[in-house]
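Below you'll find the structures, each written out as C-alpha cells.
The same chain A turns up in both complexes below, where it pairs with chain B and then with chain C.
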Partner chain A sequence: MVQVSFYSLLRLLLKRETLALPWTPGLDVRQLLTRVQAEIPTPFLDRLLDADGTLIPGTIILVDRHNIHHLAGLATPIPDGATVALFPPGAGG
Partner chain B sequence: MSTTPAQRYARQLPVWGEQRQRRLAQGTVLVAGVGGLGATVAQLLARAGVGRLYLVDEGRVDWPDLNRQTLYGEGDVGRAKIDVAVARLAAINSKVEVIPLSGRIDEAFVFPAGVEVVVDCLDNWPSRFSLHRASPVGGWFVHGGVQGEQGQVLTLKVGTSQPLERIFAGLAQASEPLPVTPDGAAIIAGLMTNEIFALLGGAPKLLDRILVVGLADLHWTFLEV
Partner chain C sequence: MGKGWIGKVLRVNLTEGTCAVEKLNEAWAREYLGGRGLASKYLCAEVDPGVDPLGPENKLIFAAGPLTGTYGAANGRYMAVTKSPLSGTIASSNSGGCFPSELRYAGYDLIIFEGKSPRPVYLQIHNQNVKLADASQLWGQSTDRTEDLIREKFHGDAKVACIGPAGERRVLFANIINDKHRAAGRSGVGAVMGSKNLKAVAVRGNGGVEVADPQGYRTAALDSYGLLRNNPVSGQGLPALGTAVLVNIINQSGALPTNNFQFDTFAGAEAISGEKLAETYLKRNKSCLGCVIGCGRVTRLSGAAYQGSGEGPEYESIWALGAACGVSDLAAVTKANYLCNEYGMDTITAGATVACAMELFEKGLLSEAEVGMPLPFGDGAAMVKLIELIAKNEGFGQKLALGSYRLAELYGAPELSMSVKKLEFPAYDGRGLQGMALQYATSNRGACHVRGYLVSPEILGLPEKLDPQAIEGKASWTKIFQDFTAVVDSVGVCLFTTFAIGAPQVTRLLNAATGLTLDEEGLLVVGDRIWNLERQFNLRAGVDPGQDTLPKRLLDEPIPDGPLRGATARLAEMLPEYYRLRGWSADGIPGEEKLKSLGLS
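Now for the complex of A and B:
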C-alpha cells in the first residue's frame, strides 16, 4: 500500500487528510498523482501540474520524508509501504 | 522605576520555575526578519526575559504592515523597522540586550558568536535558504511561514537535520505580496516562540517535524521530514 497525505490548503480543498492506494510495481509519483485524482472527485491535479505536466512551484511532494526535487522529480519511484506527502507551505513571514 | 526578576516574571515562574528562567536569561537568539512573525516572536522573547536578542531586517514600516506587525504603529510608517523594534523591545524589557545587525541575509552573512537559536521569520524562500546555509553548525534553526489562514513551524538542527533548502526545494516566491491575517501571523509566531522556549530548555518538540496549522477549521497536523 501507499499512504498519501494531504496538508494545508490541499487538505481543505479535498476535505480529507489521507488516501491509501494499493502499490503496483513500477509506480512513480506521476502515476500516483493520476491515480489519486481518479479516486477523489475534487479536481486538484491542475494545482500541482501545468499543461505540460510539469510540477508547478507552490507544493512540495515528499516521498518518505524526501523532496522529489532531490530524487527523480515526478519520475521518482515509490516503494511499497511508502508515505507520500503533498504540502503547499505558507511562504509569508 | 525598577523591579526584581521575581516580580517581573511572577506570572511565568510558577509555570517554568527559577532554573528555567535563569536559562532563558542566558539565552541568545537571532531573529531574522522583524515583520509579521518576527515582530511578535521578538516581543515575546523579550517579555519572557531571553537574555540577548539579535535582530536582522532591512525593511521600513509600511501601512500594510500594521495589520499584523505588532511592534509598529502609524507614527512609525517610513521608519526603519529595526530601529523601531530595538526601541520598543528596550521599552518592554530593558534587562534584555537587543542588538541590531545590519546587512543582507545571504551566504556572506556573518553570525555573531554565541547564537543558540536562529529564527526564520523571513518572507521569501531564497533568503530563508541563505539564512539556513549561513547558520552555525550545531545550532538550532526554527522556521516559520504563514499565508492566508495557514502556516507551519519546523525545527532543524543545523548540520544534522535535512537542510531547509532540501525540504522546501522547488518553491518559487510569488511576485505579489502574500495574504496574511493578523491572527494567522500571531498564532504562528506564538507557536514558534513556544518552540524556542522548548529549545532553550533542551527539549524541542518540532525537531524534524513540521507542525502544519490551518486556522480556517482550527486543524493541525504533523509532517515528519
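Now for the complex of A and C:
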C-alpha cells in the first residue's frame, strides 16, 4: 500500500487528510498523482503541477519525508509501504 | 527633502519632558533609506555602543520607511531600533498593522526617544500637536487594555504602540505591541521602552504621503498587487492558513526542533498545525493596512481549560510554545500566545526559555521545589503557568525573565541555551538547513529567521529549490538574502511580499516614491551598507566575531531522528567564504577598504 497525505490548501479543498492506494511495481510519483486524482472527484492537480505537467515552484512532494527535488523529481520511484506527502506552495515565517 | 520621505524627525527627551521636530538628515535617508537602516544610522551616530541598554543613555528609535503608508505591496511596516538588553547587540524589531502608516500620516518618519522620564508617561501625537501625557493610570495594564484606555482619553481613532507589564518589569525579551496584536517582537525592545518609563505612543494623523512619480508609482504598485494576488503563497496559502501552514511542512521535512532541539520531528505536530488551527479556533483572517495578503489569524478559545480571544498564534509562536516544549495541546499554545501579547513578551524567546528550563529539569539540574511544579516536556499547563510567572516577575518566573542563556548559565549549563549571541533560535534547525545555520551564526541580532530566511530556498523551493544539506554556494545566498532583507526592512515593506515580488519590484516602488535612481545592484549595496553598519555597532559594543557561532548541540550532536538524521551544522566550512564575500578579514572584521567603499569609514 501507499499512504498519501494531503496538507495545506489541499486538505481544505479535498476535505480529507489521507488516501491509501495499492502499490504496484514500477510506481513513480507522476503515476501516483494520476491515480490519486482518479480516486478523488475534486480536481486538485493544478495546485501542484503547471499546465505542462511540471512542478509549480514551491510545490513540495515528500516520499518518506525526502523531497523529490533531490531524488528523481516526478519520476521518483515509490516503494511499497511508502508515505507520500503533498504540499501545494506555502510559506510563512 | 525628496518625496517619499516626510522629512521630519520627532525627538522626545523623556528626562526633560520635551518634544521637538527636526529635519530628517537627507543624505542619510538616501544612503540608508529609512526603517532599520536609517534608524541604525541615527543610533550609531548618537549612542555609544558600550552603553547600558536599560540606562537613560540608550535611545529607542521608531522608524518608518519611505514606502510606509503608501499602497503597493503591504507597505505598512516600522522598526523599533535600540541596543538590546537581551543580546547586547543592535536591536531592530519589525511590526505592521496600522500604527506605522499613521505615524507617517501625522507627519513623521522617525521618533527618537532619549533619556528617562521620572514618571510613567505616554506620547500623544495628533499631527503637529505633540505632548507627553501622564500614564500612571495605564501602568500595569495589559497591552489590550492600554490601547482601549488611550482611545477613550486621547482620540477614538488613535493608533497605539505600547508595552505591557513585562516591559514595565524589564523582562529582557519584552516586546512592543501595536494595534493590539502586532508585535515588534524580538531582542527586548519593550524592556528598553519600560526602562524609560514610556508606556505608549498614540498617533492620529490626517495627512498623507507624497510620491515623486505618481504615475510610475501607480504602475509599479499595480504590478506588485497582481504578482501578490496571483502567487499561490501570498494569494492563497497565507490568507487561508497563515504562517502556521509551516508546522507540517517543517516537521515532515525533519527540521522542526523539538524538546529544546533534542529532536527534529514532533509526534504532536499535526495537533498544533495550521490546518488544525483553521479547523478549530480560527474565526477569520486579517490584514495590516493596505495589505492584500491577510496572513493574520483572528482566533477565539472557549474550551473548559482556556478561554480568550485575540490574534495568532503564528508559526514561530506555535513552535516555541508547542514543539520546543513538547506541547501538543493547541489550546494551551494559543492561550500562552494570548498571554504573551497581553503582557507584551516575545513568544519565541518566552517559549524557548521554558523549553530550556524543561531540559534543565529533566536533566536534574533544576528541582521541582525551585520551579514550584514538575516541569517535564509536554506539560502544556505548566508552560502556560510559567508564561504568567515571567510576565508578573514572580517566583521562578524571575529567572525565566532573563532569557534562556542567562537561565542556563545560572544552572551551570549554558550549552543548553539554544541561542546565538543570547537570542534564541526560531523554528528551524540549522543542522538540517546549512544556509540557515550560517545565517543564524552571522546575523547581527543573533539567532533570527528574518535576517535572510534561507528556509525559502532550502525547504520551500522559492525562488528555487536548494539542497538544504549542501554547503556549496550557501555563503553567497546568505549574503544576498541578508542584504536584501536589510533593504526590505528599511523601505517599509513586509517581508512576506518577497515570496511573490523581489528586488526588481522593490526597486521600482522605491525609485518612483523617492526619486532615487537605484538599480537592483545598487539596492543590494544599500543592504550591504546597513549590514556593515550594524556589524560596526556590535564590534564596538564588544560583540566579537567569536560569537559568530552556534550552540555545541548544533555543531557536534547529529540530528537523532527524521530524514535529516546524522546532520550537524557545517559552519566552519562556510564561515570563511562568507567573511571573504563580505570583504571582511579572515577574523570577521570589516576592513578599511570595505568600509570606505560603503561610505562607512
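Criterion: the second predicted complex is superposed on the first by the 88 of 93 C-alpha atoms of A that agree within 3 Å, B and C clash if a C-alpha of one lies under 4 Å from a C-alpha of the other, contacts with A are read in each partner's own complex, and residues count from 1 in each chain.
Assume contacts are C-beta pairs under 8 Å (C-beta built on N, C-alpha and C of every residue); 3 or more make two chains touch, one makes a residue touch a chain.
Treat the numbers as computed from the prediction; the structure is a model and nothing was measured.
Novice: Looking at the overlay on chain A, is there a clash between chain B and chain C, or do the two fit?
Specialist: clash
Novice: Which partner chains sit in contact with A:12 here, chain B, chain C, both or neither? Use first/second/both/neither.
Specialist: both
Novice: Based on the superposed arrangement, let me know which partner A:65 touches: chain B (first), chain C (second), both, or neither?
Specialist: After superposition on chain A, A:65 lies in contact with both partners, chain B and chain C.
Novice: Just to be sure I read the superposition right, which of the two partners does A:90 touch: chain B = first, chain C = second, or both, or neither?
Specialist: both
Novice: Would you check which partner chain A:51 touches, where first means chain B only, second means chain C only, and both and neither mean what they say?
Specialist: Neither chain B nor chain C is touched by A:51.
Novice: Does chain B (first) or chain C (second) touch A:1, or do both, or does neither?
Specialist: neither
Novice: Of the stretches 59-67, 131-139, 149-157 or 509-517, which one of chain C hits chain B?
Specialist: 59-67
Novice: Just to be sure I follow: which residues of chain A are touched by chain B in one complex and then by chain C in the other one?
Specialist: 7-9, 11-12, 57-58, 60, 62, 65-67, 69-70, 85, 87-93
Novice: Within their complex, state which residues of chain A touch chain B.
Specialist: My answer: residues 5, 7-9, 11-12, 17, 55, 57-58, 60, 62, 65-67, 69-70, 85, 87-93.
Novice: Enumerate the contact residues on chain A facing chain C in the complex.
Specialist: 7-9, 11-12, 47, 56-60, 62, 64-67, 69-70, 85, 87-93
Novice: What residues on chain B touch chain A, complex-wise?
Specialist: 33, 35-38, 120-125, 144-148, 150-152, 162, 166-174, 178-180, 188, 210, 212, 214, 216-217, 219, 221, 223-225
Novice: Inside the complex, what are the residues of chain C that reach chain A?
Specialist: Residues of chain C touching chain A: 231-233, 236-238, 240-246, 248-249, 252-254, 274-275, 278, 295, 314-316, 449-450, 453, 455-456, 459-465, 467, 495-496, 499, 562-563.
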